[in-house]
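Each structure below is given as structure tokens.
There are two complexes below, and they share chain A, which is joined by chain B in the first and by chain C in the second.
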Partner chain A sequence: MRPGPLRSGLLPSGLLRDLALALAALAVFLAVPVVFPQPALRDFLIYFFAYGLLAMSLNLLVGLTGLVSFGHAAYFASGAYVFGLLMQSGRVSIPVATLAAVGGTAILALVIGAICVRLKEIYFSFITLAFQMFIHSIIVTWVGLTGGDQGLRGGIPRPPILGLDLNDARTLYGTCVVVFVVCIVAMRQVSQSPFGYTLRMIRDNPARANFLGVNVVLMKLGIFVFAGAMASIGGVLLALFVSGAYPEFAFWTTSGEAIFMIMLGGMKLFLGPLVGTLLLQTLNHFVTIYTEYHGLVLGSVILLIVLGLRRGLADYLYDWLQDRRARRAPSAPVPEPVVKSRPV
Partner chain B sequence: MNLEALAACLSSASCAVTQVSTALIVGMLLFLVTSGLSLIFGVLGIVNFAHGAFYMLGAYLAFTAYALSGSFLLAMAAGALGVAVFGVLFERLIMSRVYGRDILMQLLVCYAMILILDDGVKLLYGGEYRMMGMPDAFALPPVEIAGGFVPGYYLFMVGVALAAGLALWLGINRTRLGKIIRALAINPQMVGALGINTTLLYAGVFGLGSLLAGMAGALAAPIRTLTPGMGVSILIESFIVTVIGGMGSIAGAFIAALLIGFTRAFGAIGFPLFVDGMMFAIMALVLIVKPSGLLGREAA
Partner chain C sequence: MGTKRTGARAVSRRQVLGGLAAGAAITGFPHIAGAQAKAIRVGMPTILSGRVAILGTSGRAAVQLAFRQINEAGGIGGRTLELVDRDSKGRPDEAAKVTRDLINNDGCEIIIDGEASSGAFAVHEVIRDLPVLCLHTCSETSSLSADPKLHVKTAFRCARQGIHDAVAGGTYAARIAKEKGLKRWMTCSPDYAYGRDNTAEFLEFAKIFEPSVEVVDQVWPKLFAPDYTESITKILQVKPQAIYSALWGGDLVAFIEQSNLYRLFANIGFFSGGLGDPPVLTAIKQLPPGLNTAYRYNRNYPAKPANAAFADGFAGIAKHEPTNWAWQCYTACLFIAEALKRTNGSTEGARLAAELKGMKLAAPFAVDDAITMRDTDHTIIGYPVAWGRTVPKAPYVEDFSGVDWAKIVELETQWKKGKGYA
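Let's look at the complex of A and B:
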């Protein structure tokens, strides 16, 4: 639809701003390895992109639609495995394998989602978890195809795409940056679209959405499939980078971590889950250096934050800043009522 | 797929008896775990995702008590009561702080609890497999039924689980306290207004649900290997049982648990690689045909 003169102030400017921000982010990420050439930082960022896509796509379900999925890592793993297996077959190029991984995962999410989205709240959480563990058990049991516990072994070949040699670490990094930023922009567009606002309405008042003629089940299924597809791209990036795929990608703890990333980053900002990803990854990075009891530390941190702050770190900061701003402007003629903002 | 083997087993009395006994113990363990999960959900409206970890805790407590005292009775009591106390503490100190908040928070609290319990067990017992071994009291020759051999412990286990299930059902449906608990599930404000201490009841119900998980763990300890991650698989299976049987229905949980038990025991012969798939297929079928489960009261 072509925007009319009246709408030109609304939608395109938002889009333009998003694109400008995306280009800036792209430039910053591409500049990082030039300024800080340590390979460790580059590797850290590639992990960040992969898990960031997982957390961001999960937030389309949790924050945007109010569907708390505890089984989102299944799609992350499915992306990694489909991609890895296709590349190992040696018959397809990387873009084709990626498309197939995303398409295959979308179909998987469609089948599982068709069963799950009819269920309410907590029921939805535990059935998505159950399906995820089913996928995990298939991966572990089907040793002939997936390598079972050991994961996909033998490495994933990286044939050049359009003259780009992905075996070069910097080219690989650049490709990951581009894919990551494009996916984030795509998710942003979906969340700002009329579809995205319909999902917010479903989250806040499903009965009203239903009265207005919205097909709630279909809308939920739509975002479930889209989120699954986006998570699979995270899986593809990770598989490409680590040159393999492992059953842990599909284990329930991966989903749990993704949920924690969302909570850490808070749900008030679109990019909140990325903040959470960064925080959790940094934490994991240091914890695994000092102790093998990673779960003990992570569990305690979660309990402290959930019971102590009662919200994510980023939300906490956001509220604190809001409070400060509200207190700084007491001279304003009509003080704005402090509205507890809902997730946007 | 090996359907001939399945047919052969079904037509031979001894094999059928052995598999039926396996199906019964798998089913009974699942029933105990699921009824605890379902009880907590039915009354408190929360799903205790850490329930599988409680089962694991019960098994390890029983293992420790047995190693220290050599008494299986004491081991059972330690498993069941220890987890019940742990459950009450967990409800009072942690879970009650996230009531009425986002599901996300409840999920995270349980997730944290599982991580801590799994790693705590790993810290104390090491990550490798542990075996408790059959208690001396049950070191008897297996009972022969129609040519098949059933260990005496299996019969004991089924008996205990049936007794617990029956006691739970009678307690909820036939006693005054059970009536109060049912009322609490429907209208907690009203129950509180009538002068009943709902906080205490919530903690009690959570403790009772945990006790069932701990008991299942203690019962399983002699026949299963103990590992820090043993709770996850039984948690997933009890979710499936809950969906098939219907949330909040003890009778439904019983039927569904047996169904899964039989699927596992006979599937292991007929279609070993497709056992999990079969369980999920049954669950999907139930969800499509009757979303509230076999005996569930209201739509999910």
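Let's look at the complex of A and C:
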């Protein structure tokens, strides 16, 4: 689990391990429809992928850099709208529309981030929220382009890509799996790169990072843009799935949900937000079946986790495993330091 | 440590995994386990929580009433109708997800869409993908059925719509304006797409029928605003002769309650598209007499025994008078039952859709003999689009004045041409 100098060929051992895990995850996710053919499970997972990317990308800001953004859903919505509008124009293919959505969102995040990252703590949080509500207002009021509060109407066409017909539910699911896993690997590599470790240093002590010659604003801006771009891919997946884009994607409650996901899963583990996403979406799915008082139930569960565990579920399990491992090795003369930023 | 380890092994990993799998199976597929083979499952994505929950809860009660009556009458060839409802929380993406879930997981063969506005468009796209029969029962946005680009073969609208209301409202307002000499008009509508579109359409037709109508000012309070003082004082400053408002639900209740404090309605004619819902009327503590409102629902209009029986049956379930969404959902159930009878119980979307096209239904709410599901654009006509005046006590609205449907259809056709829909 510790970072080390071991290398296998040209690739660092950490990257090899990540790639191996990613391939395993890819195989498991692709096997799901074969083992469990129920379409509902596929639908649930696509939803999980979309919101998982939103939460994971937000955690690059919250957990990795210490920037608590309240407006991250703006980039999620931007991806969905740019993709949906381009596809409805009928002039571009899905990959081109996706790239344009990611590129366009990255530019948007660059402009907004250039203003936001200069601020700290609560001021940063509130200005991100302000920009999100600004974008939400644009979506709602620019009816001619966005459909206003009705959203993009008429569906999003899914022309074939290299012979792949995304109108087929299984193909759509497979495509979402591949995109999701690639994005997670990309975020993992950024998190484990020297850039990622610089962000941790900025999170822990920005003054010291600055003193060491790190351009703190530029580093923050870099991760802000990257996180926005990753969130936009979540928006693209959701737009593809629901065949539309809606102003609710850009509303502050969507950002709030992403923060809930991170809180539920935890920030310490790289995949913690995904655990939170799974937990929240599962609870949401099943509680909604049985009662319309789901807010009460979800709130109670969140309270229990926050007050009872005092950390995310994944963090709690990880700490518990670490403690258990430490207790099982009492003979060791000096306990090895646990490098907590490494685990997957 | 040793004791702890023994204790930990008392429940093995396999047992834990087995228990989890069993738990998942029990919690994950409750509806399939409980399903009756004979039942035809009808899914209903709708809003059951939040500010507009009454939309979903009243619609659901109406469906429960209709299904109970249909099942007690022998069902469809011996098969019963079973409702599976699900809360979308008013989120379009959630509406799409739960609709797919209702079809794919819960085995629903027909969908009654109880979503408002954008949620209905999201459900519409799901039905394009999964072509079961779907009846939209809440969305009043005309383009859902009027725009041929949005046409879905198995999707129908069983709800009132903006353009019909605009023609009826414009006709009525023009008549009253002519009678009482109301020339200076103001509007006070919520600041979002529906509020602005609805207001524009109302004024467009009012001016067509009475060219002397002049709009002297417009105020746009925010949706779900708690305080309307600013709008009310503006109205008092401008002193119009009449006001049109597209406010609805709790916003409209708050506006009227606050306007009463300023005696706003003493000398100003008030026209509302959303006041006619009984729960809104009963929520206002001091309902001023003489306010003009579009029909949303009334047990006395159309004056038919079946309508009063529906109101009584609904009140027995929901413990309040029916809403606009209730009669629409009830009518949708009647359309579904009739289509199922004609297909001998086949739930195939295309077959049911073929039967629904042009179907005439002697519903309790039909203005004349029947409500018709128009075959060209899959939407209903012949439903009540009357306007009436408020009275402080039940039935709260009376003197309903209808509009000839032939005239509505004629103007609707012109509107469609103007929009490029026809």
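The criterion applied here is as follows: the second predicted complex is superposed on the first by the 313 of 344 C-alpha atoms of A that agree within 3 Å, B and C clash if a C-alpha of one lies under 4 Å from a C-alpha of the other, contacts with A are read in each partner's own complex, and residues count from 1 in each chain.
The rule is short, and it goes like this: a residue touches a chain if its C-beta (ideal position, glycine included) is under 8 Å from a C-beta of that chain, and two chains touch if they have at least 3 such contacts.
A quick note: this is a predicted structure, and the numbers were derived from the prediction, not measured.
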Side-by-side fit of chain B and chain C on chain A, or clash: clash
Which of chain B and chain C A:I115 touches, first, second, both or neither: first
Partner chain in contact with A:G155 - chain B first, chain C second, else both or neither: second
First, second, both or neither for A:G244, with chain B first and chain C second: second
Touching partner for A:Y293 - first (chain B), second (chain C), both, neither: both
Touching partner for A:I138 - first (chain B), second (chain C), both, neither: first
Shared chain A contacts, counted only where both chain B and chain C touch the same residue: 293-295
In the complex, chain A residues that touch chain B: 62, 68, 70, 115, 118-123, 125-127, 129-131, 133-134, 137-138, 141-142, 252-253, 256, 259-260, 262-263, 293-296, 298-300, 302-303, 306-307, 310
Contact footprint of chain A on chain C as seen in their complex: 1, 27-28, 30-31, 48-49, 53, 56, 86-87, 89, 91-93, 96-98, 100-101, 104-105, 117-118, 121-122, 125-126, 128-129, 141, 143, 147, 149-150, 192-194
Complex contacts: residues of chain B adjacent to chain A: 41, 46-47, 49, 94, 97-98, 101, 103-109, 111-116, 118-120, 122-123, 232-233, 236, 239-240, 242-243, 247, 273, 276-277, 280, 283-284, 287-288, 291, 300
Partner chain C, residues of chain A touching it in the complex: 38-40, 43-44, 47, 140, 143, 148-151, 153-155, 167, 169, 238, 241-244, 246-249, 285-286, 288-289, 292-295, 327
